[in-house]
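To keep things simple, chains are lettered A, B, C, D, E and F as they appear, and every chain counts its residues starting from 1.
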Amino acid sequence: MALVPDNTLITGTPEEGRELALKMARLVVKATQPEEATRARLRPGYAESADSLIAVAHVVAVEFATIAAANDYWRNS
Amino acid sequence: MALVPDNTLITGTPEEGRELALKMARLVVKATQPEEATRARLRPGYAESADSLIAVAHVVAVEFATIAAANDYWRNS
Amino acid sequence: MALVPDNTLITGTPEEGRELALKMARLVVKATQPEEATRARLRPGYAESADSLIAVAHVVAVEFATIAAANDYWRNS
Amino acid sequence: MALVPDNTLITGTPEEGRELALKMARLVVKATQPEEATRARLRPGYAESADSLIAVAHVVAVEFATIAAANDYWRNS
Amino acid sequence: MALVPDNTLITGTPEEGRELALKMARLVVKATQPEEATRARLRPGYAESADSLIAVAHVVAVEFATIAAANDYWRNS
Amino acid sequence: MALVPDNTLITGTPEEGRELALKMARLVVKATQPEEATRARLRPGYAESADSLIAVAHVVAVEFATIAAANDYWRNS
């Protein structure tokens, strides 16, 4: 299973970097809980919990920090 | 849906960088829970929980760290 | 509403940088819960919870990391 | 017990770096709770808890940040 | 009240840097909950909770990261 | 009490750096809860809680980030 789509942290824009951050966070969850049925069962619970949503946002922020640094913050794009 | 408003991390001032951090955090929540009605229902709960508010502040601090680095901390502005 | 007092991350000393970190964290809470009455009601709860106080300390530590980097750690002051 | 497989943070690709991040996080859990039977007993619980899965994703994000920096974000690969 | 003892992040050794990290974390708690009696009352609770102790260790780790960077990791001492 | 064994962040290998990260995290817990009897009493609780183990892994990841940077990621070793 791929943990890093296209096997690169380099993206064309911040928006694409942000999408990559979301995907990479989800792929770790998928690697830890590979059963699709279980993940589907958990989804309503956390998507209706403010604290879970904030926790997701936190993880994405940390992933994005790495991706943004990898792209030198897209300063030259 | 846009995850990064204007598709750039570069802002004119720290204040605008801070506003961007807040927006980016909210947009991840929106991407994870796209139903406006559900998000509206969750709002009173976390906005009246000290621990949720502190968790929001934590996420914004992490987002802002990235934005501040992208702008070289606005040292030359 | 100002999210970054004086719209700068640059301070004269580490002590002032630390004060700024505390203020910036509080201003995000204020932006997320603008009602003064609600915030006042929440205060006793988290100020008497060890875990909430530790969580506040965590947020301040993250904000301060950014401010300290912005000031090159006040090495030349 | 090895805490860092092959005793290096250098990997050929982001994908391998991500795998290393997962392994390193698991090896700390193993060092803290060395009994295989206990870890096996805990697995169903956290693999079916959305909040635990998000917490795992958070740890992997932090480990990966270090590994990505060590590899200069695989910019030249 | 001082938030940064001696108003500097520079220390002679890693050990002193670590002590500073602990002090700085405690001073934020003190600033948020200034009543000595309340803090004393909270102490047994968190000092006998494994999760609170881990949370304290987390905050100290974040503070220390900043102090270590400020001291260029004491490479030349 | 020593908070940083040998008073240095420099280690020969990533493996030793990882061991140092674990030790440094434990020494902060020890400094916050100096009673050996209390720490021994808490151990079974957190070593059999998946969430506590993940939290420990998180702290170690943050400590290791600092140690890895201090050693320039052992790139030249």
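Quick note on the criterion: a contact is a pair of C-beta atoms (placed from the backbone, for glycine too) under 8 Å apart; a residue touches a chain by one contact, two chains touch by 3 or more.
This structure is a prediction, so every number in the text was calculated from the model and none was measured.
Using the contact threshold fixed earlier, the set of chains in contact with both chain C and chain F is E.
Within the contact network of the assembly, the step distance from chain C to chain D comes to 3. Placing every chain at the mean of its C-alpha atoms, the farthest one from chain C is found to be D. Look at the contact of chain C with chain E and you find different residues on each copy: under half of the numbers used there are shared.
The mean-CA centres of chain B and chain F are about 31 angstrom from one another, to the nearest whole unit.
Each chain gets a centre from the mean of its Cα atoms; for chain A and chain F, those two points are 27 Å apart. Here the spacing of chain B and chain C, counted between their Cα centres, is 16 Å.
In chain A, the positions touching at least two other chains are 49, 51, 55-56, 58, 62, 65, 69. In terms of which chains touch, the assembly is arranged as a closed ring, every chain touching its two neighbours and no others. Beginning the circuit at chain E and passing next to chain F, one meets the chains as E, F, D, A, B, C, using touch as defined. Across the complex, chain A meets chain B through its residues 13-15, 17-19, 22, 47-51, 53-58, 60-62, 64-65, 68-69, 73-75. Within the complex formed with chain F, the residues of chain D that make contact are 2-4, 7-10, 24-25, 28-29, 31-33, 38, 42-43, 45-46, 49, 51-52, 55-56, 58-59, 62-63, 65-66, 69-70.
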